[in-house]
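Look for chain A in each of the two complexes below; its partner is chain B in the first and chain C in the second.
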Partner chain A sequence: MSRSGEEVWKNSTEKINSELFTLTYGSVVAQLCSDYNNNYNLVNKQLDSMGYNIGIRLIEEFLAKTGAARCHTMKETAEIILKVGFKMFLNITPQVDNWSLDNRQFSLILNENPLADFVELPSDAKDLWYSQILCGVLRGALHMVQLDVSVWFVKDVLKGDDITELKLKLNKILKDEVPAGED
Partner chain B sequence: MASYYFTIIGTLDRPLYELEFASFKNPTAQGVPGKSQFSASVKEILPFIANSSLDVVEDAQWNSNQFHLGKIDAFFGLQVNGYITQGNIKFLLCYETPTNANLALHAKQDDTTLKQFFNEVNDLYVKCLLNPFYSVNDAITSPDFDLRVKLIVRKYL
Partner chain C sequence: MKVYAIYILNKAGGLIYQNDINPGLNKLSANDYLVLAGTIHGVHAIASKLKPTEFEPSSKPFGGEKEIPIESSATFSSSISVRDSTINNDVVNGRWNNPNTNNTGLRSIETDLFNVYVFQSLTGIKFILITSPNPIVHNVASLNLKINKGELNRQFDLAKEIFHNIYVTYSDYVMKDPFYSLEMPIKNNLFDSKIRELAK
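Moving on, here comes the complex of A and B:
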């Protein structure tokens, strides 16, 4: 039996102070930027791969706590990611929009982004996707349930856009097999 | 219409932010509202006046348990008010003494509004400090910070 995101968030999620969380993530990103001498493309890549490593572990916890059953369509998958996944880990519920005609690609619209509170990007950081780690997490988590996806940011309020938007595209459904490592 | 010079000084006595403005209250016909009317000779020594009062701030901080230190210094008709944050960042506000007769009344009003002004700027400074890309003693270049300081200025001074 699967449980709702609300229920999991209320009863079985360990909670930490949101400022501690935000500032910790902020320090990680700022440190990466200085380590890579402000080469923001490398920073994005590193965040993505950190996220991937989180995602492949996080999916286990997700499945254990929610008891979610196998999804049959991408629409179902999207619903679960939004209403259960984001809810139970970040207590936010993004909107889904812009389905492609073949139902393999959609947009996630984040009305609030707990990672990005207090943040103001440096003026030269045009290439930095500050919350890129989310892309990695989604990619990693879905990889472990045999969905090969690409996830990327298209808009971010930090860059002066009106909304924060991620695109998620299903590349292929993997056969049940041991997934190859990231590297 | 009093003119003001506001500056934030870091722990290494370097200025992080500065702003010159005039009161928005009782604007007179002359000049643009909000534009400071320091004379050219005063204008160029304002940073020196502010920095010269740092010693006084450092003495005053041990005699008071308030963050707002009040009027701490004066220099040829320019008053200097100070505020010190928990992190030892100094906010200084220099302004011209009003020449009108009800000086005492003015000073009394000023003290409470200045306190509110400093408190709000402090809140703003803390928000700026929470930005992971800002570290202590960096110059504050954020246009958003600038705008918000100006809004606070408009509200109180």
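Moving on, here comes the complex of A and C:
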């Protein structure tokens, strides 16, 4: 199914060694923890805002290389994020689950998480959402295509949960910001 | 087709990048360029609202290659969403699509001296291309119209190709420049040289 993400991943993205990526991200988180004196709420916030700034730029590459058109339902949005977005940038395909009744909220389940390979959290780091940057990236990228969303972690295998799960909720569609000239 | 110049407009219609790639176009004053950018932005927005009351989209939109089956104008909006979801199915299934979302706005201006093409991304960035005119536009009367139309489409397709390459280059060299702030003028030598390469 996910050939496109696969193809973009194979043909048009720059690749780096995944261990280098994991270790670099780990160093960033570790440095933030020491900068904020292990105040993990602040670390989460900072990771989220770093992710946001990545997301608002990353979306252009995503659109340029895939040619995705505007989605009309959140189901479609979810499918594109999972099968194309995650595949293209991280070479993973998370699963979608737990749709809310109004179809505005769903869960992303990460079976593998390249950010968190080799990671063990210290026992006092209960408040830290290690991969919080992903939330920011999704929020930033979707904001640029005029979707105001909230994204947050609910479970993380690093904390002993059985799965790693993110929630994504659509707050509103920023209709005023949709550029003229679309259908 | 010769590309004279490439302009990039931010969401608000401000000129953030300008590159006169090939000589052949005379220079305007700096202020005139800003006015030109703003005017195209405005005309594009107004043109998107301008449509016949019995509106049917052209059978071959700039953004997609497929014919859209449209039974009547009443089913128009649903047909559009059908088309859009097929586009995204294509994306999921591995077919490449053109990232241009400029479907109802101003797409091109053709004159005897130059052509203008307008591309818009989903995020609202506009790329504008100024090129040499259609080669046989002067002979419309004497030539077979069919040939002329093919030529027009060819130039249109070329512009489409160039736009895609510019957009990819923009996402790689401008978006990944840590010193660039969004919506601000682009001053980036690497991007300049890449743009120059692909528009030769």
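In this section, the second predicted complex is superposed on the first by the 173 of 183 C-alpha atoms of A that agree within 3 Å, B and C clash if a C-alpha of one lies under 4 Å from a C-alpha of the other, contacts with A are read in each partner's own complex, and residues count from 1 in each chain.
Quick note on the criterion: a residue touches a chain if its C-beta (ideal position, glycine included) is under 8 Å from a C-beta of that chain, and two chains touch if they have at least 3 such contacts.
The structure displayed is predicted, hence computed values, not measured ones.
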Of the partners chain B and chain C, which touch A:Glu112 in the superposed model: first, second, both, neither? neither
- prompt: Counting only touches as set out at the top, which of chain B and chain C does A:Lys83 meet: first, second, both, neither?
  reply: second
Going by the contact rule set out at the top, does A:Ser27 touch chain B (first), chain C (second), both, or neither?
first
In this superposition, the partner of chain A with more touched residues, chain B or chain C, is C
Pick one for A:Asp148: touches chain B only (first), chain C only (second), both, or neither. neither
Request  = Classify the contacts of A:Glu60 with the two partner chains as first (chain B alone), second (chain C alone), both, or neither.
outcome  = second
In their shared complex, chain C is touched by residues of chain A numbered 1-7, 12, 56-61, 63-72, 76, 79-80, 83-84, 144-145, 177, 179-183
The residues of chain B that touch chain A in their complex are 127-128, 130-134, 141-142, 144
Counting only contacts in the complex, chain A reaches chain B at residues 19, 23, 26-27, 29-30, 33, 118-123, 125
The chain C residues in contact with chain A across the complex are 11, 44-45, 47-49, 57, 63-64, 80-81, 84-85, 87-88, 90-99, 101-106, 120-125, 164, 167-168, 170-172, 175-176, 182
